[in-house]
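By written order: A, B, C and D. Residues from 1 in each chain.
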Amino acid sequence: MKKIVKNAEEAVQDIQDGATIMLGGFGLCGIPENCISALVKKGVKNLTCISNNAGVDDFGIGLMLQQKQVKKMISSYVGENAEFERQLLSGELEVDLIPQGTLATRCMAAGYGMPAVFTLAGFGTEVAEGKEVREFNGKKYLLEYAFDSDFAIVKAWKGDTHGNLIFKATARNFNPLMAMAGKITIAEVEELVPAGELNPNEIHTPGIYVHRIFQGANYEKRIEQLTTRK
Amino acid sequence: MLDKFGIAKRIARELQDGYYVNLGIGIPTLVANYIPAGIEVVLQSENGLLGMGPFPFADEVDADLINAGKQTITTVNGSAFFDSAMSFGMIRAGKVDLTVLGAMEVADNGDIANWKVPGKMVKGMGGAMDLVAAAKNIIVAMQHCDKAGNSKLLPKCTLPITGLGCVKKVVSDLGVFNITEQGFHLIERAPGISTEYIKEKTAGRLVISGNVPEMILD
Amino acid sequence: MKKIVKNAEEAVQDIQDGATIMLGGFGLCGIPENCISALVKKGVKNLTCISNNAGVDDFGIGLMLQQKQVKKMISSYVGENAEFERQLLSGELEVDLIPQGTLATRCMAAGYGMPAVFTLAGFGTEVAEGKEVREFNGKKYLLEYAFDSDFAIVKAWKGDTHGNLIFKATARNFNPLMAMAGKITIAEVEELVPAGELNPNEIHTPGIYVHRIFQGANYEKRIEQLTTRK
Amino acid sequence: MLDKFGIAKRIARELQDGYYVNLGIGIPTLVANYIPAGIEVVLQSENGLLGMGPFPFADEVDADLINAGKQTITTVNGSAFFDSAMSFGMIRAGKVDLTVLGAMEVADNGDIANWKVPGKMVKGMGGAMDLVAAAKNIIVAMQHCDKAGNSKLLPKCTLPITGLGCVKKVVSDLGVFNITEQGFHLIERAPGISTEYIKEKTAGRLVISGNVPEMILD
C-alpha cells in the first residue's frame, strides 16, 4: 500500500489543465492550503473547482483566481473577493451557484454510489430551472445529480499511512464528503501517523477513499471573521 | 418601534426548552443573547455544529472552530461536530425546531426573497435555500420597510425567490405577523406603533382582528 | 431539555400495538437488549419491525417472536431462528426481505430528509418487481423509498444527557442510521454521562436525533459465532 | 481437482498490493489465509469494518467486534469502523477492488444465483445483492457441480437471480474461467483435470483456445 507522497507538489503533479477538482473547506476553515499553493506553483489552467466558497483575494482559492487558473467555480457562496467579482463581470469566470446542502449532498451521493438525489432546496426558484421536479408525500423535490470530479483535495487534522482521516471541529465541513467523491482523493494532514495510532472508532474518513496522503507544512489557518468577547 | 435588539428579544420569546435552533446572520444572531432563563436551547450552525457557544475569549480563538457566518466561536457542554451533508440532512428531515433568518422581502403567502438583487453582484444563496425549503418553522426577522419607506411585506415578492410559502411568522420593527391563508395576521404591535401605521406600511394582505395588543418587552 | 428517562419501561411506554419500529444491531451485535425486554414485558402486539436480522430463538427480536408480538419483519437476513420459520410458514408472520445496503440506505434517507434513493442492488431480480427502474450513465437503478417509522430504538456504547451517542466497533452497524430515522428515537447506552464529557469531535449521532436516553443494565451481549485462534 | 483450500489459494493470486477486498462466507473467507507475501490487502466486512484481522485469542474476544458472518474477529493496524450505509456506499461507489463470494449457479453471461432455493426456507439475501450489483470485480468461488454431478456453470441460471451479468471470473474445483462475451473462457485447469472433463462438466458456453495450462499451486 503506497499512499504516502512526499509533499503537495508530488500529490498534485498529475492534475492537468481542464481538470475538475473538489476542494474541501468552508470559508477559509479547513481548506487544503498546501495543495492550493502547489496548484498555483504548477500553474495548471482551466480548472473547474467545486468548493463551497472561493477564498479571499490573497488566500485560499483566491490565489488560484489571481493566476487565472479557474474556468468555472461551483459553489454556494462566493465573492468575498474583488478579483473574483472582476473576472465574473468580465466573463472570464463562469459560476454555478448551488444551495449549500445540495452541494454537500451531491458530494455524498458520489461517495455513496448514488447517481442522483432528491432535495427540497431551490424548488420554485431560479435554481430549479431546467431541473426535474418530483412530488413525494405532497412536497416537491428537485432531482440533483452526483458530482463527477477527477480529483478531491481535502485537509484533515490527523491521518495515518492507510489514508484514514480525522477532522477537527468545524474544519470537517465538506472535507469528508469530498474525500469520498473524488476519482483520486488527495489528503493533506496536519499530523501523519503510522497505521494503528488512530482509534478505529474515531475515524471520520476510512482510508479506502483516500489515494494520496502527506503531512502538510506551515499552516496559516487564516481567520476570516475574528470575533471575541472580553 | 423595535430596534434590532427588540426584534431579537421578541423572537427569543418563541423559544421553548429543548429547541434546536438555527440562527441566520445579522439580527437572528442576536436572538442568542435573549434566550429566556430556565430553558435550554441548542444552536445549530449549518457548517457542522450543534451546541454553538458564545464568541471565544482572545486566548481561546481557534481557526478550526467557526460558525456559518465565519466568525470564531466556542462550543458548549453537549456540542457535537458533523459534516455538511449531515448538517443539511437534519435540516431537511425537519429535526431543527426553529429557523430564524433575515429577508429582503416576504410575501403574504410565505414566499421569501433574501439572496439576490438583480443588477448587483450575486454572492450566492449559501444555505438559505436549503433552510427555507426544509425547516419546519421559520421566523423572519426584518425591517418592515426599505430605506425609501416602501413595504417589504408584499403581496408578491419582486426579487428572485429563495423559497415558496415557507415563512410562518415575521417579526419586524413594527409588529409580529403570523402568515396565514389570509395573509399577514398582525398579532402584536411594536411599542408605540398603531394599527393604522402598520396598515399604511404593509403592502401585502393584512389581517387585523379585534384589538391587537401592544407588545411589552421586559 | 428532558431526554433522560429512568429505564427501558419508561422509554417504550407509549409504543402502541401496530407501531412500526426500527431496531438497531447486526445479528446480536449492538441490539437494544433492554428495550427489547421491555417490549416483551409490555406485550405490545402487531408490530412491524425494521431490523437487519430477527435475533435467535431465545435472544434479541426472537424473544418478541416467541410472544407473537411481530406482525411483519423488514430485514435482509432472517431465520437463524426456528420459531421465526414456523410463524413464517404458517402465515402468522409476514416478511419483507430487502438487500442489506438498501435497508441501510433507506434508513439514512429518512434521517437526511431524502424521500427516495436510487440503488443498484436487486435490479433484474425478484426484489425489483413492481419497482421503478431508471438508468443513469448506462447502469440501471431501482428507486427505493425512505423508511417511515414511528420509533427507532438503538443501543450505543456511550451517550450524554443531550442525546449524543458514540457506538463501539462493529456494534455501530445500523444504529446511527436508525437513530436518524425514527419519528421518536430511543437510545439505550452502556454508559450515560453528563453533557460535556464526550468529545464533540467523536460523536457519531448528534443529540438532535435522539429523544429519549437511558443507561441500560445487565447487558448480556450474546455472541452468535464464537470464533477464536490459539 | 482443487479442494476448498486450493480454490482459496488460487483466488489469493488475484490479489494485488493495496487492494480493498470483501470476502464472503465459506470458501471466500479462506482466501485471507493465502495473501501473498509482500503485499498488503485490506479486508472489508460489510457490517462496518475496514481492516479485518484474524480471529481473536480467547482472552481478546469482544462481542462488539464481529464480521459479516457474525464471527468474533479482531482489527489490524489501520482499521476503521463505520455504519452500514457508508459500508454499502463504498461498495456501491466501486471503492472495493475485489469481491469474492460463493454461488449456487453462475451463467455464462455472468449472472449469479446464490440466495434462494424455491421450496426451501428463504433466509434472505443479506448484502449479496448489493455486493454483486455494485462491486467492480467479482470472483466466484464454487464447486463446479452439485452433489448429483450436474454442472453449476450454466447457459442460464435456473434459481432466482442475485444479480445480472456481474461475475468476472469463476474459480471452481475444476479450473479458472473468465466470463467473456463468448461464455466461460477456461484459462487454467485444476491439477489433474483434463479439458475434456471440464467440457463434460460445463453446461454453459465454454471457450477453450489453444493449450490450457494446468495451474501450479505452491
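Everything that follows uses one rule, which is that a residue touches a chain if its C-beta (ideal position, glycine included) is under 8 Å from a C-beta of that chain, and two chains touch if they have at least 3 such contacts.
Just so we're clear, the structure is a prediction, and the values are computed from it rather than from any experiment.
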Where the CA atoms of chain A average out and where those of chain C average out, how many Å apart are those spots? 33
Chain-centre distance (mean CA atoms) for chain C and chain D, in whole Å, is 29
Mean-CA-position distance for chain C and chain B (Å): 36
Multi-chain touching residues of chain D, meaning two or more other chains, are 49, 75, 81-82, 85, 88-89, 91-92, 134
Taking each residue of chain A in turn, which ones touch at least two of the other chains? 105, 112-114, 119-120, 167-169, 200-201
Taking touching chains as linked, do they make an open path (line), a single closed cycle (ring), a hub with spokes (star), an all-linked set (complete), or other? other
Going by the touch definition at the top, which pairs of chains touch each other? A-B, A-C, A-D, B-C, C-D
In the complex, go through chain C and note every residue touching chain D. 26-30, 52, 75-80, 85, 88-89, 97, 99-105, 107-108, 119-127, 157, 167-177, 204, 221-230
Touching chain A in the complex, chain C uses residues 105, 112-120, 136-137, 139, 141, 145, 166-169, 200-202
Show me the residue ranges of chain C that touch chain B in the complex, using the header's touch definition. 1-3, 110-114, 160-162, 164, 180, 194-196, 200-201, 203, 206-209
List the residues on chain D that touch chain C in their complex, please. 45-49, 54-58, 61-67, 69-73, 75, 81-85, 87-89, 91-92, 121-130, 133-134, 160-164
Along chain B, where are the residues that touch chain C in the complex? 17-18, 20, 40, 42, 44, 49-51, 75-82, 85-86, 88-96, 134
